[in-house]
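The next part holds the structures, each set out as structure tokens.
After this come two complexes, each holding subunit A, first together with subunit B and then together with subunit C.
Coming up: the complex of A and B.
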């Protein structure tokens, strides 16, 4: 009972913190911090899912929370962290189009714009289901903040993290549509894992010199001399 | 239940490709897969009684038509790849150890594309479309050069980030249906049935977000920046599949979604949005074509132009324009794949791109008379010359557009003229260029497997452009009705 009463406030706080983590992803120059921020952001989504489970009594959300914990809080950050470590890349200091202060200012503008647009277009929804409305505004804002990260970051590995943050925005929004089949959420995560793996493999080539590329591929056992066909 | 054969076939082929170690066997399996898929599709087209037998597949005129185009293009590309990939391996451009990845990725791409076309669920369609991006990116990067990896990453980042917006659109659509009926749905047919009376604001947002992702997938401006690079840098067999089959997946999604919007209160806004994006896309593409000095980027920009034109037809939203849109998709796919195949022969001949980064083509009719001839025919077809299918579809869509404004066909005709000038301006100098005596490259003998698909596609496009195959008109009309644009044509 107490949990049910506390859940809306809990969810709102977590949603705001998710946006704050999006801001960190735009401004941090340290690659390890970027991965940690993504990890925290994903964990906040787990907390939101748990809050919604208490509110809606829907076990599917519990499954989504577990899946997010395994894949996004543990699996994907470990994989990216491993690649970063092996590539000896620590800092991402170069930006294109916008530097972090500009990107943060743009993000604030985007959040305001999304809020105003959605409040006008989804007027009835705002009155009927304010939590869903907030989820949609923050979810879409997070997607757009991730997009800014993808556009402004120069290193491919940081772009991957921007993309992952965008995907978190979609998940944040999707959590509020509890009837969305679990199977869909599951397949989306599988798709995400394939995508991250592929981009990370290629990132190894782009973020290092091309001469090192094939050596690195062999080092990671992604490319073996024996695996060919005759 | 015949449709289940697509899945069984894909599983068997992928398994065999995994087990077999001989290059020849793996490449033959790569050919068998699309050819049998084509056979299944033709059989299904001829037996409408089989269509409703499964709830796991959405089999209607539209999906079968798109599948027909897809399997033709994949079959042609697979035959072409037999000789082409062999040549790449012999010349050292492609590592022998990458062969298995190539053929496995190629077959998997066909399997995922088939699933995207036939899935009745809009979210599964999104996932399959997303997987086509991942697999295409893998095939683009197969040569493992910095340029190809760069193009591949650009493709993934632009398409996948845009596709995330589409998923938001799908969530909004699901919620809109739930608000109306009490239970959300992700089935194409259910949503179409419930379209009338869906909440205006939510359905409008749903369309805009959905459009962003699938516009990127089909190379619509301003989400097109990945396309010229990806299509130009990929091996020609892959470029043909990307241009002839994968771009259509994006358009297929937009057609289905616009069909849903047809019965809602926002269709007028949707139509304006599509028309604006179509005109911008055609404008940017045609003007960019004028600046191109290399063959494959020129053909790639022409793909953007044609996607813009298809979008124009969808935006007009009349049954007649939709009829010609489908016709245009078929014609464009055949011609564009053929052109990329011809470009592949020229690339093997002149080792393009050369060290200077420019296409140094000379003694064209002397060294490669076949590719020169088919390239000329392909360019003529792209310009919309009579006898070729694009002539009919261009006339059909332009006539339909007069119902909205006479300025649309006027402007489009000017843009078509720009595109034609760009093609002629590219072709005439390379036709006339001569290498100094004794300095030209040694003639490259293209194997039969590289020439055959070009001839087949060229003949097919001539046939589509000159003869109305019995039942073709009725089938396309039914496909238009399936899209939700029903009415008398």
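Coming up: the complex of A and C.
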């Protein structure tokens, strides 16, 4: 009973912190901090899923929370942390198109745009429950902020974290609006794990930009001059 | 103006003057401890001020009237600002119009006087410090306005007394927007008091100093007045954060037990905040000048986010 009463406030705070973590993913230059931020963001989604479970008594949400905890809070950050140990660089200082202040400004505009669009599209949802409306706006904003991270970051590892943040946004949106089926969420997480594993395999070039990747693979005799994997 | 508001003015000014050097020393002590040093005594700030007040004041041969009036004017401006910020007791009636915009203008006026002082002494370091201070101010002032706009929007009033009253009424229910507001308000303290990573108050290196550069040619009583002004400014900014985020114990009526409890709790909360500031300063290196706007942008992002969340909720 107490949990049900506390859940909306708890979910609101977690949602806002999720959005804040999206901002940190855009502005932080320290790679370890980036991974930790992703870990915290995923953990906040676990808390949101638990809050929604208390609110709606839906056991599928509990499974989603457990799956997210195992894969995104523990598994994926561990893999990326493992990659980082093999890297000589600890910071991502290079950006393309937009630097962190510009990226933050753009993300503010995106949040406002998403809010305006959703206020028209999901008008009935807003009238019915402002919490679910907030969740949907923050979910989609997080997806677009992840996309900004993918576009503005140069290092492959930062781009991967951008993709992962985008998926967190999809999960947040799915939790509040579309009731994403458990099976789809499960498949998405498998995709993410494969993405991180592939990134781990290509550790040789993880600290380079995408443009430098081919050169790095040639340097390690993983790519032949004829254009194929040797 | 009634008797209560006059008592408020006297108590507030006396308390802010009394407690400000202590808070400065707490931060210095925490920073020293982090660096494995003993650090100054917690009363060292008072001893320093007492010593400086007895020293002779020297003026540059090029110094004009600004060098003579700026120390007194700066402290007076900040004491007028102190009349607007209730520290431990919110009176029923305001002594002067406690408007947050007036408070911001007073802070800007104080900064302008110090920048003029830097130029008035005609020294290279003073001019350089003034130039840097004004360049940073031009970037940070709009952010400060947005931070205050977020505060006003969340609390629904321009009056600082009313803002604190609303925060006190809201307190037991934890609001996410108040939590969000705490970040830009904390950054505001760091920036306005010239602390790491924006400026380093303990350095006198040509390459890094901003605020200290402007005061390099002041001495004796004038330096004591500037140090006291800086401490008062820090306490006032800290008070906004403390009384908005954690207003527990603030007295709402004029009774001796309530005021004593409010004052004691304020000192405790202020000390905790100083410890946090000390750790924050120790954890970061000073930013390059052109990187500083990135730091301001975080405050801007949080303020806009606060307004946005308040609109939705």
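What we mean here is this: the second predicted complex is superposed on the first by the 196 of 230 C-alpha atoms of A that agree within 3 Å, B and C clash if a C-alpha of one lies under 4 Å from a C-alpha of the other, contacts with A are read in each partner's own complex, and residues count from 1 in each chain.
Heads up, the rule we're going with is that a residue touches a chain if its C-beta (ideal position, glycine included) is under 8 Å from a C-beta of that chain, and two chains touch if they have at least 3 such contacts.
None of the values given here were measured: they were computed from a predicted structure.
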Go through the superposed model and pick first if A:137 touches only subunit B, second if only subunit C, both, or neither.
second
Which partner, once the models are overlaid, touches more of subunit A's residues, subunit C or subunit B?
B
Identify the partner contact of A:112: answer first if only subunit B is touched, second if only subunit C is, both if each is, neither if none is.
second
Quick one: is A:198 in contact with subunit B, with subunit C, with both, or with neither? Answer first, second, both or neither.
first
Could you look at A:19 and tell me whether it touches subunit B, subunit C, both or neither (first, second, both, neither)?
second
When the two structures are overlaid on chain A, which partner does A:100 contact: first (subunit B), second (subunit C), both, or neither?
second
With both complexes overlaid on chain A, does A:174 touch subunit B (first), subunit C (second), both or neither?
first
Starting from the residues of subunit A touching subunit B, keep only those that also touch subunit C in the other complex, and list them.
none
Looking at the complex, which residues from subunit C come into contact with subunit A?
173-174, 176, 179-180, 293-294, 297-298, 300-302, 304-305, 308-309, 311-313
Note: in the complex, subunit A contacts subunit B through residues 118, 121-125, 132, 136, 139-140, 143, 146-147, 150, 156, 159, 163, 166-167, 169-170, 173-174, 177, 179-181, 184, 187-188, 191, 194-195, 198-199, 202-203, 205-206, 210, 213-214, 223-225, 227-230
Sites on subunit B touched by subunit A in the complex
20-23, 26, 95-97, 99-100, 123-124, 127, 130-131, 134, 137-138, 141, 144-146, 149-150, 152-153, 156-157, 160-161, 164-165, 167-168, 171-172, 174-175, 178, 183-184, 186, 199, 201-202, 204-205
Contacting residues of subunit A [partner subunit C, same complex]
9, 12-13, 16, 19-20, 23, 27, 99-101, 104-105, 107-108, 111-112, 115, 130, 133-134, 137
